[in-house]
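See structure below.
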Amino acid sequence: MATISADNHGLRLATRYAVLVLIAIVFIFPLVFMLMSSLKPDQQLLQDTASLRAFLPVGDVSLRNYTAAFDRAPVALFIFNSVLVTGVTVVLSLLVCSMAAFAFVFIGWKGRDFLLTVILATLIVPFETIAIPLLLIASKLPWIGMDGLTWGWLNSYHVQIVPFIADGLTIFLFVQYFKDLPGELIEAARVEGATWPQIYRRIVMPLAGPVLATAAILKFLAMYNQYLWPLMVVQQEGYRPVMVGLQYFFQQNVAWGEVMAYLSMITVPVLAFYLYLQRAFIASIASTGVKG
Amino acid sequence: MKHSNWLAGAAVAAISLGGAAQAQTTLSMWYHGAGNEVEAKIVDQIIADFNASQTDWKVEMQSFPQAAYNDSVVAGALAGNLPDILDVDGPVMPNWAWSGYMQPLQIDETLIEGFLPGPKGYWDGKLYSIGLWDAAVALVTRQSYLDELGLRTPTLEQPWTGEEFMAALEAAKASGKFEYAFDPGMAWTGEWYPYAFSPFLQSFGGDIVDRSTYKTAEGALNGEAAIAFGEWWQGLFTNGYAQASQDPADRDSGFAAGKYAFSWNGNWAALGALSTFEDTVFLPAPDFGNGSKIGAASWQFGVSASSKHPEGASAFIQFALQDKYLAAFSNGIGLIPPTKTAAEMTDNYKDGGPMAVFYDLTKAQALVRPVTPGYVVQAKVFEKALADIANGANVADTLDAAVDEINADIEKNGGYGH
Amino acid sequence: MASKFQRSNRTGWLMAGPAGLLIAGFVILPFFFAFALSFTNQRLISPNPTEFTGLANYRQLLGMAVLTVDPVVDAAGAVVLKDGVPEYPAIRSFTRNNPDYPHLQGMREWTSFTWGDSRTYILARDVVFLTAIVNTFIFVIVVAPVQAGLALGLALLINQRLRGINLFRAIYFMPVVVSIVVVSLLWRFIYDGNSGLLNNLLGAISFGAIPQIDWLGNPSTALGAIIAMSIWQAVGFHMVIWLSGLQTISPTLYEAGAIEGASKWQTFRYITWPGLRNTAVLVLIVITMQAFALFAQIDVMTSGGPLDSTQTIVFQAIERGYGKQDISGGSAISVILFVIVLTISLIQRWLTRERT
């Protein structure tokens, strides 16, 4: 009896893992393809796409594509630029948007509903459709930096950061999450004389782990994959991010092996960031549901 | 003695360096070659030579990846941030010149008398841009294929007629040796379509736009000749001579892998083909009734309208026109040198060189794409029409729609200054 | 919210102000700019002055007309039959240079049907744009429910306590981590018509019974192929949103459910789903918005082809605004898209409103 149930348990566990693994294969195969291809010379890479060899490190395998990629483009510079711009934007965005969402959900104030509706409506506007007007605006704005007051934001880091700090989607994420937090907690704190910044810092944000993680990874992805905007506002190689850098590899005859090597390299920071978040937030929160 | 000489030399160097630092005015320059090491090296060399050759100007280059270059320039212009010197794709130049992004060059035009016509960028009667090379397209195949299929080798004087070309494709198809008889390069979407395929249309007697006025495409793009071209084009795909959708990898390596008997490809790919098959030959375009035609004009240099130092910018461009640089580009990336004298200095284009045929092709057959600011839009419309026809759309309707779109655009732009 | 402790105009504006200002300056202002442009003939590049043209851009995009034509008759008045069906005069004889039909000049056939003897044509001034609208709707209607459902399924699957579950979480999320441009490039190899992985896989499991299909080159499969890839790419992202929603549900509720002997379905129906309400609204709205903005996949994989089978609204907006330098026409498309999505999200909000 006992052995049967143990077998049963084992079987069920095995089935579960089998399902998980099958799904995992579906999701991971293009990335394995990318990684394996990055190790192969172009000719072999293209021939291998037709068979399972595409997923195996077979044939003439080497790191030549990686060294060639570094020769062709300042890969490290591009990654540094992207990580810097993305990192700063994510941090500022989490702060600004969570504060706004806090005000929208927990505080009553004149104009609140109107402003929230307008901000949510901006979700609908695809960036591409406002890029040109935004360029005209950004090229005339003043900035106070190390060189004192300057006009025009082109060729800088801040032109890639400031316009993206606040966005409707991030605010919406926070709003929907905050709505699920127990309102009595906040009311009680108010009654006891806590100030709004205290409530924000001490009560709400400590409970916001999952949404911070979600918003952070979403923002990270959106920023890291920026292409059109930096293309328009950055003419100096020194400020160029990774997705514009990708174009260095699309010459008349595409160097596919180097493309794959470059793609593999620029994927590393995103993956690292996600894994970090998963450890820091999602795993820790897994057992502590906050809903009453 | 020796010692004092050294000191004197150092003093002179210091003075000239210091003098240079003070007197040299910086000229900014944008170039589309980011990611292409060979090209970058040659351009860097020209800039270094120029900066060292005189004391007035100092050129500083920013390079952009080609795929992002035009958008960068347009954005730069909108934001009021163009460099002094920029490079421009030949057929796009009239658009930028008309829009007020560029100004005419101040160079001695006798210097370019011996140039092939393609690299000379004229708009409104003035020289706005000049290229250090040209590009050409040819029908790439192997002598052994021609021999096996029993085909006459066409020459510049006697190219294949349209019928001969189709018979050649039929022979290649019937041989069963190839996946497809013909590789027009469908994978290279974008400028390749008008550049490579509109000469076929012109050989049929049609055109993208009526070049006598540049005010309409009616008749040119949907007249009898154009419809005959369209039917022929569609037939390539419905009869199985070519594939309407091709993946880029096949385009890059299909000919080398023996998938295609004939590949319609540019001289930039010629070195690769020659190194794969020693018996690679480059044939002139077939003549569909109005002569063999191929496209002309590649990247060229010009001066931006906002440049405060057009004389310096022009001086740099003029400096770059020396035969040794023209030859260097040709040797480095396989491009066609624009002068005969430079061609003689190259490995591939000198008389008897393996690619000399391209120089002759360009000289004999090259036709620039319509010289109008509207070309940028017309190229897109043409590309879509050709893709649709290849995929089976009704020829007459598709060409009519293309004409309507082109004409509406010309009207919206007040005739584009013609 | 009625409590006086919870009202504060000053704090509210102070905390929401930075976000509000930034969005006003970098989204709303440019959008109004684009809105204004859509009523002009502004070009991206042009020395010509900008002119106010009213609704001309909108008329050009949305103009439609109906034309009913009788079949061709011969001299005796009998209907001419071609392959057994009546023959109709060519549409281009009406829409091109026909002084009797000036309002049809430049229009093309959008669709047509036969009613009795005569044939009715719906003509459109911009067939490509209408096709783009239809394709976008198909994309949204398929992607929104399928992606949301699959993502929820994955989130439930991954929200169990198993050794190594974090590894699977990371793997399922991987496609999201890679930029959509990159993913599209990779899938072009997979969908390849000759030697693509998908064809080889299908060939292998069917022992060659399934013929080779040029997934992206065939008008009947191209949009489907892009839909499948898009779902695959983004499902991990929505899985994470669902997961963060799942994790806000208190374990004590599940414990209570277990004590009462609730089945798996009952647990989901009465504990999990009600707890996911706000998350569901979020996921649905975000997917809808993202689906309407479909662009990068199209740009990399098909450029709208073959035969317009993958044209989309945003692709058209960009193709015109940037590619064809018609920034006013592109802006008009953006405004139309805005109106469409706004309408839909208002309906969505009304449908998912909290009933009291």
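For reference, chains read A, B and C in written order, and residue numbers begin at 1 within each chain.
In the analysis below, contacts are C-beta pairs under 8 Å (C-beta built on N, C-alpha and C of every residue); 3 or more make two chains touch, one makes a residue touch a chain.
No experiment lies behind these values; they were computed from the predicted model shown.
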item: Graph class of chain-chain contacts, one of line, ring, star, complete, other; value: complete
item: Inter-chain pair with the most contacting C-beta pairs; value: A-C
item: Most distant chain from chain A by Cα centroid; value: B
item: For chain B paired with chain C, centre-to-centre distance based on mean C-alpha positions, whole Å; value: 37
item: Distance between the centres, which are taken as Cα means, of chain B and chain A, whole angstrom; value: 39
item: Between chain A and chain C, centroid-to-centroid distance (C-alpha), Å; value: 22
item: Multi-partner residues of chain B (at least 2 other chains); value: 71, 78, 248-249
item: Per-residue overlap in chain A, given as positions that touch at least 2 other chains; value: 49, 132, 136
item: In chain C, residues with contacts to at least two other chains; value: 44, 189, 192
item: List of chain C residues in touch with chain B within their complex; value: 41, 43-48, 91-92, 96, 106, 108, 127, 188-189, 192-194, 214, 216-217, 219, 303-308, 319, 322-326
item: Residues of chain B touching chain A in the complex; value: 30, 34-37, 62-68, 71-72, 75-76, 78-81, 248-249, 252-253, 266, 268-269, 272
item: Complex interface listing, chain A residues touching chain C; value: 13, 16-17, 19-20, 23-24, 26-28, 30-31, 33-34, 49-51, 54, 96-97, 99-100, 102-104, 106-112, 115, 118-126, 128-134, 136-137, 162-169, 171-173, 176-177, 179-180, 186-187, 190-191, 196, 200, 210-211, 213-214, 217-218, 221, 224-225, 227, 243, 246, 259, 263, 267, 270-271, 274-275, 278-279, 282-283, 285-287, 289-292
item: Interface residues, chain C side, partner chain A - complex; value: 1-3, 5-9, 11-16, 18-23, 25-31, 33-34, 37, 44, 154, 157, 160, 162, 165-166, 168-183, 185-187, 189-190, 192, 195-197, 200, 232, 236-237, 240-241, 243-245, 247-253, 275, 278-279, 281-282, 285-286, 289, 292-293, 295, 314, 317-318, 321, 327, 330-331, 333-334, 337-338, 341-342, 345
item: Chain A - residues contacting chain B, complex; value: 42-43, 46, 49, 71-73, 132, 135-136, 138-139, 152, 154, 231-233, 235-237, 244-245, 247-254, 256
